[in-house]
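Below is one structure, written out as structure tokens, with a few remarks after it.
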Amino acid sequence: MIVCSIFIPLALSLDLVVGRTGILSIAHAGFYGLGAYATAILTKTYNFSFFSSIILGVLITAFVSYLLSKILSRLKGDYYTLGSFGVIIIFYSLFINLTGLTGGAMGIFSIPNPNFFGLQISSNSWFLLMSSVFMLGTLALMQAVISSRFGLIIQAVRDDELAVKVFGYDTASFKTVVFVISASVAAIAGSFYAAYISFVSPNAFTFNESILILTMIIIGGLASKRGAVFGALFVILLPELLRFIGLPDSIAAQLRVAIYGAILMYLMYKKPTGLFGNYSP
Amino acid sequence: MIKKIAPVVLLIALGVGLVSFFSNKVSNEGSSEGYVKVALLLPLSGPFGGIGEGIKNASLMAVEDYKLTNPNLQVDIVVEDDSFEVVKGISAYNKLTTVEKVAGIMMISTPVLDALHEEMKEDGLPIVSIGLQSEGVGPDNIFQTTLAPIAPIEFLAQFVDGKNHQKVAVIYTNTLPAINSFHDAFVQNYSKSKASFVVTDAQTARNVATKIVSENFDAVVILQDAVAGPLVTRELKTLDTNNELTYYYDLQLATSWTEYKKILGDTNKLNDSYTLSIKGGDTSAFAQQYEIKYGVPPTPFAEYGYDSTLLLIKGYDQDTTVWVSNIQNDRFVGPSGEMAFDEDGVRLQEIEVIVVENGTISQ
Amino acid sequence: MVYFFQIAIDTLVLASVYTLIGTGFALRYSIAKYLDLGYGAHIAIGAYAYFLFSEYFGVVAILPAVIFSVTVAYASERFYFAKLEDKKSSPMVMMIASLGFMTLVQAIIAIFFTSSVQVLHTDASVIKIYDVVVTYIKIITIAVAFSAVILLNLVFTKTKFGKHLIAVSDNKDLAQTSGIPIKKLSIISASIAAGVAALSGILYGMDTIITPFIGLSLLLSGITAAILVNIQDPKKVYIGALILAVIQSLVIWFIGGMWKDAAVFLLLIVILLLRPEGLLRRRGIRQV
């Protein structure tokens, strides 16, 4: 449940970039990881409070994503995608090799529970409350962004960038802003992840995670808040559902993965715009 | 059609999720007079799927063997997959405790254990883990059936120290948490000249092997998992045709022996290598039994699966506190060696350094 | 000094594998125009098919293994991917679909063969050429890649098929109106690519080991090799493969194995920044 409320904002924020602006980025999990490590390191080693670690995490991520966006925006189309793939590989390498900072493969443990003005949040129910607030906040943010003039422009950029440029807009800046907002939301999600699981390790922030989040919005449908929410719920809960269906033990686990792949293929064939999508890229 | 079905399916899933989230974790159902339900939480998919599978098989074997001598206890086994991943492990654990209501768990995945150990202590179920627990180890309901990793490595480091090599190459895999700690322990305890190399796959194995041979190291210490270890050994042996290197292995050689055999082809290549070994573990009878039943030799750590599950079931008592204490105090000899724990519930085993002869490590 | 040659040979072997994969991928991409992740599946299929068949047929099993992989590729292309294309599915959708395909294939392989490591070839006989140790497999791999490159380059430049490929790659609509059978071309090129992939998987597996997951990592190396040069030009991929393999070897030697992947991608990004379409841009028409 809490996992859902962490992943929904991840899906929503990625949709902002992919669905609304038309940029296919696979680096998303990297920002998620950045936020998680920021919170992990700051709250555990330096005794920051949870919320200040979120703020610092967002600042760091915003800065990094700003730089990355500037760099990656020079690449076109599939090259951009591959560049973003490179970015996440580099993030992973940094997470796993800079052992002094991140603990490497061993990760960081016992990340303290968040402290809300003195109230220790250690039970799951309280945490769910907090993360739900975050999730709803993200929904609201997305709504605000999309329905604003800014939102109209970036969607126009997605549909026909050249036309927008002709009108005199600096499309590159708009894309960068979108990217930074999206990355920052991901970072906050990462902070929640760190506090909830109380343990971070590089293996949670690989290219597989990025693909997972991308799959969520593709299945749910791009350019749709409902789609992102649904997609996230679907992707997270599906393996759990499959877990409940009894399958022959010896191959159950792999069979679940196979079914997952088959469902992807089927969905792409039957309803490529996703279930609630408003945009076919 | 999909648009109609999907929301329904989703609602069901949400419902299940909410129910399991808020329901009580009282585990009375999993244990009653003459009946116990325990779970095997293992990586059954993903890169460690093969290992998890073998452990599962060995565990089921243990249950059967136990039932032969204890027909009065009905044992139900629930198997869940955690893919060696934290998020999957957490949801599996939730399902096991709230829906299945198991009374005890045997597991291996270190990241899952690390993420869940606080919760597990609260819930109080006996947890027997093959994999190591990295933090928060103490006298509680969590037991670790493999050795605390550091002591054997210190032992090895001191042993190699005594051999007076000029230059030692320490080869390890930095992507696995346990091996990272092995490496740190070795490097801290070995006083002479050394250099570390990271090997993660076949390509790095090859290049690193060439580098080591070219730089005139006289010994290599291999602290690697079941795949990288044999690979790097193979590459080194291919290049080191005059056998100028002395090879040292940690416990992973013994636990991954079948993989070494598979990848090297001929285990005589390992002759004259030194390796850590646990005193007294005779896996040959177990391996035979496993192979007869499943048609293939047991995979790494299978024997620990056997012993861990046996341990869990043997100690069963309806009173959880008594059950935990039974596990703590149990002493028996299984295929992984003698079972005994220190006060923190970590396995105690005697280790020694032996030399590989005639392509085997059995004594 | 001997070790320089040792590393050189090993680098060459790796470059050979990358060349095969990258060439097949570039071939596929130039027609299909989407990142076909499912291509990685064929690498694994080929390797495991050989694993299975070689128990009965020995080394000769290479042929049926490759044929099997090509068949699977043909079937998946004809009955699934081509249909997606007919529906004008976007490249992103195709990519996700191909991801689904690869996930499915990997899982099926893991079900039948377990996810443990498997070995394809245990003949470790080595020959020493002036103190440099080479196994037969290494030599064969290099030879195969070499011949494949020459052969394919001939096909691409000299045959009608090759000319059609270039036409479709440059401008699909125009090629269609000129009467070139696009669908057939697509299926044939996908099959060739799959065959090359299968071969590379088998050779790689013989040299080292296989798991159900080798498809993805080798694929990414192949893609990188292709991108470095020009993702749409299968003729020149070997250059990218060489660069890639050399960089990897240098990084492992001088910096350490753990930075291998990061260094490669850093390099890739840098090169793409300087030359956004690869080091050797395609002459004439620019593709976006």
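The chains carry the letters A, B and C, assigned in the order they are written, with residues numbered from 1 in each.
Note that a contact is a pair of C-beta atoms (placed from the backbone, for glycine too) under 8 Å apart; a residue touches a chain by one contact, two chains touch by 3 or more.
Keep in mind it's a predicted model, so treat the numbers as computed, not measured.
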Label of the chain whose CA centroid is most distant from the centroid of chain B: C
Comparison of A-C and B-C (more C-beta pairs in contact): A-C
Cα-centroid distance, chain A relative to chain C, in whole angstrom: 30
CA centroid of chain B to CA centroid of chain C, Å: 35
Per-residue multi-chain contacts in chain B, two or more chains: 45, 49, 53, 174-175
Chain A: positions in contact with at least two other chains: 96-97, 254, 257
Residues of chain C engaged with two or more neighbouring chains: 107, 110, 115, 258
Chain C-touching residues of chain A, taken from the complex the two chains share: 18, 24, 71-72, 74-79, 81-83, 85-87, 89-90, 92-94, 96-97, 211, 214-215, 218, 251, 254-255, 257-258, 260-265, 268-269, 272, 280-281
Chain B to chain C touching residues, read off their complex: 45-51, 53, 174-175, 197-204, 206-208, 210-211, 213-214, 226-227, 231, 234, 238-239, 241, 259, 262-263, 265, 299
Partner chain B, residues of chain C touching it in the complex: 2-3, 6-7, 10, 14, 107, 110, 114-119, 122, 124, 126, 128, 133, 135, 207-209, 211, 213, 217, 248-249, 252-253, 256-258, 260
Interface residues, chain C side, partner chain A - complex: 34-35, 80, 83-84, 87, 89-94, 96-97, 99-108, 110-111, 115, 220, 223-224, 227, 231, 258-259, 261-262, 265-266, 268-269, 272-273, 276-277, 288
Complex contacts: residues of chain B adjacent to chain A: 2-3, 6-7, 9-10, 12-14, 16-18, 21-22, 44-45, 49, 52-53, 56, 79-81, 83, 85-88, 90-92, 95, 111, 114-115, 118, 134-136, 174-177, 179-181
